[in-house]
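Read through the structure below, which is laid out as structure tokens, and then see the notes.
Chain lettering (A, B, C and D) follows the sequence in which the chains are written, and residue indices restart at 1 in each chain.
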Amino acid sequence: MATYKSDTLKHKLYSIIFEAETPAGKAFDIMLLLLIIASVVVVSLESVVSLRRDYLPLFQMLEWIFTILFTIEYILRIYSSERPLRYVFSFFGIIDFLAIIPTYLSLFVLGSQYLLVIRVFRLLRIARVFRLTSFVNEGQVLSKALRASMTKITVFLGVVLMMVIVVGALMYVIEGRESGYTSIPKSIYWAIVTLTTVGFGDITPVTPLGQLLASCLMIMGYGIIAVPTGIVSVELANAERLNTTTRVCPNCYKEGHSLTANFCDNCGYELHREEAVGSNI
Amino acid sequence: MATYKSDTLKHKLYSIIFEAETPAGKAFDIMLLLLIIASVVVVSLESVVSLRRDYLPLFQMLEWIFTILFTIEYILRIYSSERPLRYVFSFFGIIDFLAIIPTYLSLFVLGSQYLLVIRVFRLLRIARVFRLTSFVNEGQVLSKALRASMTKITVFLGVVLMMVIVVGALMYVIEGRESGYTSIPKSIYWAIVTLTTVGFGDITPVTPLGQLLASCLMIMGYGIIAVPTGIVSVELANAERLNTTTRVCPNCYKEGHSLTANFCDNCGYELHREEAVGSNI
Amino acid sequence: MATYKSDTLKHKLYSIIFEAETPAGKAFDIMLLLLIIASVVVVSLESVVSLRRDYLPLFQMLEWIFTILFTIEYILRIYSSERPLRYVFSFFGIIDFLAIIPTYLSLFVLGSQYLLVIRVFRLLRIARVFRLTSFVNEGQVLSKALRASMTKITVFLGVVLMMVIVVGALMYVIEGRESGYTSIPKSIYWAIVTLTTVGFGDITPVTPLGQLLASCLMIMGYGIIAVPTGIVSVELANAERLNTTTRVCPNCYKEGHSLTANFCDNCGYELHREEAVGSNI
Amino acid sequence: MATYKSDTLKHKLYSIIFEAETPAGKAFDIMLLLLIIASVVVVSLESVVSLRRDYLPLFQMLEWIFTILFTIEYILRIYSSERPLRYVFSFFGIIDFLAIIPTYLSLFVLGSQYLLVIRVFRLLRIARVFRLTSFVNEGQVLSKALRASMTKITVFLGVVLMMVIVVGALMYVIEGRESGYTSIPKSIYWAIVTLTTVGFGDITPVTPLGQLLASCLMIMGYGIIAVPTGIVSVELANAERLNTTTRVCPNCYKEGHSLTANFCDNCGYELHREEAVGSNI
């Protein structure tokens, strides 16, 4: 109740910068969205030789304008936060910091300005602008399924890593330096290229024995891609089922409310969202 | 009741051109099917240098014949429609228009006649000829599942796009112009080629650090292909389940009739197919 | 009851050649298995230049020996069949015929002996030797699931085919002859190579617009591979469920007998296999 | 009860080397983990030409130190085992043996020391160190699903193998030696590269007919990857369901306890874990 004037300003700033409920907050987020996209496009175009030759001063000026704007925004975000340190070390706080630092670094380290494309990750927070609740909800289902699959996928990747190390070493011994397998690390790189079915073709086996081993590796890679897919399918089916069926209206007992529902769509009774969400995720 | 003569003609034309119930309508559709295939084959063959040299006049004549026939058909379709504007701006109306315009354009713009292959999409409407109801039905199940997956897949593709932009910029900084990573857009193209496990090999990393980052990207691409697959599997299972279980016989209340069933397989009561299909899709 | 002598001989031959229940039938099948593998290995080795130079007479002699043995077997199969014509035009009858004809053709057409590798398909019938009922059963589940998926996969492949034709033509217009897209058919071949994520790299886009279109095609190919996978997963789950749960013993009502079971494993009552199988497949 | 002194020593050694319950056993396993990783890194780095030139004596010394330590460990493992022969011929016993023998072999056979990377498989036993029960449990679910899929996947791979042999021979006949299809074995290698969607591009079809056949093979490979994926998904869903539902509390009969639960989460009755696990896996 007893808020200071600066606190009111802070609160107003907070609602503009961090939220998108008010018209001002929404306008701010849309402007930010456009700035981020423009800035990533500028960085990308700057790297094209022909454009760089002709428009370098323009690109550099734009880059500094974007960086200064983002720096001001960053400072305002810290200022308006209730707990500034918590913001600074949050996921988005770190992204926001990394999104401005390369321009300053480019004064000392040549080429570091290209790292500015990390700004693209700032778009993640913009989902909120369009009130994309269904997108956010689907994202939650996806990330819940991925989290649930994490242990199984780690076990899977561990075994895959051991396999490519051993096959890489075998190919190094079989094919030798002449065929491009110049060292075990490079052969492991080749084994990864092959097992993942990417197949650049920069290094390829030429001896019959090497081609036989490569064939085995390819068939293995073709077969075991089924494993992560199966894992994610099963976990996604689980996450979906939980997401759509476990919320029950305590008034009329209608089942299957979505995680984002605030009221029962049958009788209009208000649903206690936090509890329901908490029990699911 | 009080229909003019021209209206009767319109109606007759409509049933021939748009439907395939009458013998005349069926014959029309089969002829159209053959014309479309022939026209796409002619366009494709015209692009082969050796054939072009020898048969160019023949190809051009055929192209004009096909185009004039399709133009007449297009005009008749507009004429016989109840609501011509609605047809013109429908999906098939636009396809029909795009399928004739390149030939006229080729008088002014060289090479635009090759865009005639868009005619191949006109085949989509021909399914009807063979009364391929089961095909149409399966297609509906598929597209329902895909529509239901759309939000999740958009979220997924958004994250993938951010990833390839950042990895592309990193590779540009790491590998530099010598290895073929001549600009950030081109590096992003490489990152897409790699993440999707296509792996042309026109650009490949040569520095150890670049190969390490490429390995991470490949393993990531190999792992996350599981995500869209899992999404579609789950949605398809849902669509299938709905497809086979929501039709209820209004007489004996037995559930789970297939979409193509005309009678209840329990009591023989005639099922109202259109309604049932309509309520599902 | 009143069987002629030759009929008894025919019957004996039939049980040796077509069945694997008797010791003689089993020995025959194992010998046949070894002959088929040996014959495919000989054909493959003959094609290796260095081996061909040194051992051509040996290879040719072995080839003729194998062919004559298989020809005798083919004639005996026809002779011992109850309905010879039905055998001749059955799947295995055609394979058996194609497995001997190339050697005779090689007298007139050079190189046709390499088609002898079609013999490898004869191995399909050998599963029976090892009484691999579980393999045969799993094979039935798989092929049932694939048959059930066929309509959906045909719809899917039809749409894919239209897509590669249109993208192929677009790339031909965009990239032109200089980049290797020398004709629309070749561009369609490239589009298939890209969409299926094979990515040979023999033809690659070089213009920025071409690389953009290729990127879209790759992401599409990466995403839509989910469709056949989802289809097969769902059908396989259906086939599995039917396979293990719908057969009920009419005596003790125990559920879940496998499709190949002849007796109830609970009470020993004989199950009517044909009916049960018929109702499932 | 009447254990000799050496038996006590054996038992103590056993608990240190084979188990990770005591502090000494844990310390031993962590040290072993670090040694294995260090040894694989040294072998890999030795193969890099520039490093090999400068540090060969260092690498060779480290290699001998690791080998001697692992040899001592191997002898102690045999000594402390209750049934030494059973250990020697167990999976890990063979890996442990193969992990030391290449260094001794390298005295006679040049280059065999690179096979030392097989040591990486020794990491499999280290999971125990971190009491990674959830990892081990997930690994068991995965391997149970893979074992259950084995018959179906064998049938699938058998058919795939027949297909690549026939397509390989056809491509050899169609394309001939000029395009790189120098022999049937090499063409089979190409068919595997193509069917698995790896697509190195070291050999590619150049004739229209060859490109048509390659297109069919690619579309087939793109489609049938759905089969192993579908198989594993279904089996994994089965394994998951069994994993979470077949454990029943013998006191209150509540179902669905996880494999790692020690007490019933309904009535608190202690669950006999080994039996339950044993009955599931």
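Points worth noting:
In this text, contacts are C-beta pairs under 8 Å (C-beta built on N, C-alpha and C of every residue); 3 or more make two chains touch, one makes a residue touch a chain.
The shown structure was predicted, so the numbers you read here are calculated from the model rather than taken from an experiment.
When the CA atoms of chain A are superposed on chain D, the rotation angle comes to 90 degrees (nearest 5). Here the repeat of C-D among A-D, A-C or B-D is A-D, since over half of its contact pairs match by residue number.
One finds 30 Å separating the Cα centroids of chain A and chain B. A straight line joining the Cα centres of chain A and chain C is 43 Å long.
Of all residues in chain A, those that touch two or more other chains are 185, 188, 197-201, 225, 229-231, 233, 237.
The touching residues of chain C, when paired with chain B in their complex, are 151-152, 154-156, 158, 162, 165-166, 168-170, 172-173, 177, 182-185, 188, 194, 197-201, 204, 208, 211-212, 214-215, 218-219, 221-223, 225-227, 229-231, 233-234, 237-238. Contact residues of chain C toward chain A in the complex are 197-201, 229, 233. If you check the complex, the residues on chain C that touch chain D are 40, 43-45, 47-49, 111-112, 114-115, 117-118, 120-121, 123-124, 134-135, 138-139, 141-142, 145-146, 153, 157, 160, 185-186, 188-189, 192-193, 195-202, 225, 228-233, 235-237, 240.
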